[in-house]
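Structure below; questions to follow.
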Amino acid sequence: MPGNTFGQAFTLTTFGESHGPAMGAIVDGCPPGLELSEADLQIDLDRRKPGSSKYTTQRREDDKVEILSGVFEGKTTGTTIGLLIHNTDQRSRDYSKIKDVFRPAHADFSYQQKYGIRDYRGGGRASARETTMRVAAAGIAKKYLKEKYNTTIEGYLAQIGHIVPEVIDLSLVNENPFFCPDPKVLDEIAQFIDQLRADGDSIGAKIEVLVRNMHVGLGEPVFGKLDADLAGAMMGINAVKGVAIGDGFDVVTQRGSEHRDEMDRAGFRSNSAGGTVGGISTGQDLVCSIALKPTSSITKSGDTLNKEGETVQISTTGRHDPCVGIRATPIAEAMVALVLMDHCLRDRAQNHDVERKSLFDE
Amino acid sequence: MPGNTFGQAFTLTTFGESHGPAMGAIVDGCPPGLELSEADLQIDLDRRKPGSSKYTTQRREDDKVEILSGVFEGKTTGTTIGLLIHNTDQRSRDYSKIKDVFRPAHADFSYQQKYGIRDYRGGGRASARETTMRVAAAGIAKKYLKEKYNTTIEGYLAQIGHIVPEVIDLSLVNENPFFCPDPKVLDEIAQFIDQLRADGDSIGAKIEVLVRNMHVGLGEPVFGKLDADLAGAMMGINAVKGVAIGDGFDVVTQRGSEHRDEMDRAGFRSNSAGGTVGGISTGQDLVCSIALKPTSSITKSGDTLNKEGETVQISTTGRHDPCVGIRATPIAEAMVALVLMDHCLRDRAQNHDVERKSLFDE
Amino acid sequence: MPGNTFGQAFTLTTFGESHGPAMGAIVDGCPPGLELSEADLQIDLDRRKPGSSKYTTQRREDDKVEILSGVFEGKTTGTTIGLLIHNTDQRSRDYSKIKDVFRPAHADFSYQQKYGIRDYRGGGRASARETTMRVAAAGIAKKYLKEKYNTTIEGYLAQIGHIVPEVIDLSLVNENPFFCPDPKVLDEIAQFIDQLRADGDSIGAKIEVLVRNMHVGLGEPVFGKLDADLAGAMMGINAVKGVAIGDGFDVVTQRGSEHRDEMDRAGFRSNSAGGTVGGISTGQDLVCSIALKPTSSITKSGDTLNKEGETVQISTTGRHDPCVGIRATPIAEAMVALVLMDHCLRDRAQNHDVERKSLFDE
Amino acid sequence: MPGNTFGQAFTLTTFGESHGPAMGAIVDGCPPGLELSEADLQIDLDRRKPGSSKYTTQRREDDKVEILSGVFEGKTTGTTIGLLIHNTDQRSRDYSKIKDVFRPAHADFSYQQKYGIRDYRGGGRASARETTMRVAAAGIAKKYLKEKYNTTIEGYLAQIGHIVPEVIDLSLVNENPFFCPDPKVLDEIAQFIDQLRADGDSIGAKIEVLVRNMHVGLGEPVFGKLDADLAGAMMGINAVKGVAIGDGFDVVTQRGSEHRDEMDRAGFRSNSAGGTVGGISTGQDLVCSIALKPTSSITKSGDTLNKEGETVQISTTGRHDPCVGIRATPIAEAMVALVLMDHCLRDRAQNHDVERKSLFDE
């Protein structure tokens, strides 16, 4: 119940604060016999890690993950997998400026109200650093889904501020610091971020995740819908304020005859649904997008309260991404992977004996 | 795990198909001593029920709920509450047209693929009729939240197709069949729906829910965030394709200095956050909006497959809402109520002893 | 969390009080395609039902179960199964004698303390009548386990007071009112119960459940052990005070060389383990026994307190079993069935691809 | 679902194998503001740790626990607590003798069957070494329960083989290596264990746990009963084969008039119930006992199978306790503490507003 375990059949439980000694995770339910090494998990950790370009936070972390249990002679044993990443650059600094002040749009105020106490160093448990363990754990899910079903999960920047990249080539995504699929806008984004830094300000972003070779039949009626679990997973990423499946908010102005994805023997003719109908996957590509708010740590001064209830001015200095949305790409992929893995296992618990034949011509 | 129980401390489990004999629910975790009668639950059931205007489905159901356990001498006992609604108008009809055909944008295809069998009568378990029990159960939560914290939960139509009502007066919402807070657009909506009926087509909608007198400190870090649970709850409503908290997708183009809700002794100066920061409620009003796709049951003909894998034409006749979004208003309120109630109880399990004092001037 | 849902992959949630209008249940996770009718569930309900012999309570209930959802054209659809049994003999009576008095060894005192309110009619939610729904739901599990794995689950009276039946023939169990596998002691039991009735007293009992054709590999390490889940399930049956697997408390005086079940190609040479080692089933027969306390409703007078805190004398009249243990036999089988079904589904969620070959000669 | 998280409101998730690099745990739901240091957790870890006397395994582990998150400036923050213990004496040895052989009464066979793979080094995840993290985590629960409710949880050896200590003084328990409350039998036990070592054999034991100053009203009806959760928790301890609450299996021969705990203004006159009636705590002392099977690792030779299905002789050498029951005392206390803590939080989630007044004279 205390909100720190994700999933039901394939589960992730995590610990760790931004400026504590280490981040850790426990993964349960992984099928036995999967070949798994730390290198498998390092791929996405390296994609996510801070300090990898001048456009993101300058905190330097190696983010080297250790597998402490659950893998024996290179294979998963079916028992609990333990993961650990040491924090190396939680540099000692002077917290006196933020210790007693509630930075607007940070979790400072809500944590203090809820618990009557908070670890103010670097955001504590509310820091996006917590997502390292989601990315590490999802590496297991991604590997399994790829090997077993050939499922691929690819995220990319769909919008940053007013700039809307075209989805030209997803293979470009890992070749630039913005996870951007459009080479034409790279310079524009770089200049925009430089300008934001100069302004002491930040910007929001939209990230999209595309899943190909989707397993059909994932999701459960009523409260265990695939899209519902995806929405919960995605909204639970730091800074996310909106989640859409398929056409998302565009459906408000669509007519039924326009929205529905008609079918023939060649397959679905369109994908407004974004991969799920009735909360269950159809085999269409899964398409999920999220809106991330602008980084709240900015140097531009603003008003707020301190713990004594006095109005004070705040300006957050330090090592911050001007757009947290950029680095959210591997995190968004991770959450999709965790949901799909969980639902694959849940589905076969119940429907192990159902023979599923495609109605479409191959 | 099988996705049919909602919540952790205050839970709802339901059964029932559209054309089966009855819908039922089990509610657990309700605090003892709450005065509760069937009339309390009937209020929102009547708001939701079909056949109440010519703009919604013409199926006629009384939706009279019975409380079968958990209430004694007019008060909840703290033990399990059982609820039942008999289906009265599941009229016997000829299903031969849809029995073997997958209606596009319906759950027909995904259910058949998942389970290898489906109850095709009226959508079976995938029917929006299932939401009766969510509305009934949420009546308990709404009553408790109102009595204990003075919290109110109000939904309204925020958009239907191209028509965007102004939020003039929420007290108007229950006085028109569209849950519309703007008297100026009522005629326009009525004509639009008549036109859709004439066209054999349907339209999407956007519903917004506003919660006032929010309890501060609800939600848990990481995977139990209040907004994450809300997003999961809302996306799990039939036909929902997008969920937004506060400014939602508008944050993509916002700057940090614009988005953050600055504070002084008078309180928050704005509400871009929509009531949660770091996944925990701040005490600001909670604002949540959802996008609902157009009704998929339309008479306009379209292509699809039948069970034999042949391409066929389909036209769905029968008693359907041209805009399922309209009647989703009390359902959206219900899901918000269930999430808030669950988190109130979860919060006090852990934080029972934390003294919470407002920093703001009253 | 509120303790009213059993299982994780195959789940049971129930409602209903002894003297309320009906008992109900919701079963989730049942695999689709299982042939299922009300008659299937009635078998064990009839074995459990009160009033079937003069040795049990004289309350008369038909206990006719209705399936309200989840079965279509005679087969399970994979969606939620709803069950209902109307209470017919909750005869109106004078509760003034027990209304304000805490009957010793009843749940009166603990419910009143916990909730500050209680439904005193017939024990309310604490009544053993609640177990009807466990028995009904377990009928589904029993049928599936038998059809799929040929697993059989048979309970019997292992001891009542000083009388210890010999396990002569389990086929006799359903042919006498005591679920007794030993024809030689039937008269002695009957006389013993008559004597207890004359004394206004009651007696404890021990019930054993034997599972044959056990699936190997059920159970999970650490907190999801098969025997742990069985122990929780069995201790949760009304009046149970002890649970044993295999040799149970006899292991305290056993040596390791005596306790261990040695193996050769013919199989295990003994079954001290009772079917599980390390919390995971070995394929040996599962053997589980429970101790049930004597019925607390007795006419023999005793001291207790009333709600005002005054010491009063209490003598419980009414329709009560002199030995609740007897009728617990089908209930004990039911709980074993629910645990095994749940673990079968959980096991295949994770271990679907593991090939399991017997090492033993067939 | 994968069986590796314990509790619902106060939860424990663990990782680690006997011969892996470290054991770890994640504790969620701890109320904020509790003073907590590693020394608090070390107390019971030291009581449990191996190598502390010649009567237990000679493996030497410091079992020094580190708190990696969730505590800030000496107090719990309400967020996730991470714990780690490095394994230091997982000495490299020759596993060739046990690698392909299923030691009788070990988890070797059942793990191999379930997963098709196993970590054979020192029992892997099935090792009792896993219980370190239960003991560490329970230190938090014990501290909270003591500070908040003055609840104490004390375990002791109730029987070892034929030797039955008298409960003379619980303060003696920590002053001898057997957790024995009776000074008169210490020599006898020591000699018995020496004899078992000489015989290459082992013995079972019975451990009892006594809880004083029990909170009233803990536990939930039907499937969340306090005694049911205790039974599940206790049966989940390695080697446990039986669990009893209060009079346990003795109730089989008790009459109702003898078993019931009568009450007057001075309180309950007896404690046959062992602290719970109807699954809910009465405020009486909680009394729970468990039977532990003899250590399965013995040098005495026995027959078994190897992976090829051949019958072979096995004799387990190495560092093993002749009676695993002895060191189970702090583990049994730990599981009781975890259950009580979880139910305290669960109870106040729902029943926060119920005023509970004792009916007894103080």
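The letters A, B, C and D name the chains in turn, as written, and every chain counts its residues from 1.
To be clear about the criterion, contacts are C-beta pairs under 8 Å (C-beta built on N, C-alpha and C of every residue); 3 or more make two chains touch, one makes a residue touch a chain.
Note that the structure is a prediction, hence the values are computed from the model and not measured.
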So which chains count as neighbours of both subunit A and subunit B? C, D
Chain pair, C-D or B-C, that carries the greater number of C-beta contacts: C-D
Taking each chain's mean CA coordinate, subunit A and subunit C are separated, in whole Å, by 45
Between subunit B and subunit C, the Cα-mean centres are separated in Å by 38
Chain centre separation in whole Å, for subunit D relative to subunit C (CA means): 26
Listing for subunit D: what residues touch at least two other chains? 1-5, 8-9, 14, 29, 32-33, 78-80, 114-116, 125, 221-222, 346, 349-351, 354
Counting only contacts in the complex, subunit C reaches subunit B at residues 1-5, 8-11, 13-17, 20-22, 24, 26, 28-29, 32-33, 66, 68-70, 72, 75, 77-82, 84, 114-119, 124-125
Mind listing the subunit B positions that touch subunit A in their complex? 1-6, 8-9, 12, 14, 102, 104-107, 109-111, 113-116, 125-126, 130, 159-162, 196, 199, 201-206, 216-225, 227-236, 238, 240-265, 269, 272-274, 276-283, 291-298, 300, 302-305, 307, 309-311, 325, 346-347, 349-351, 354-356, 359-360
Which residues of subunit C touch subunit A in their complex? 1, 8-9, 29-33, 78-80, 221-222, 345-346, 348-354
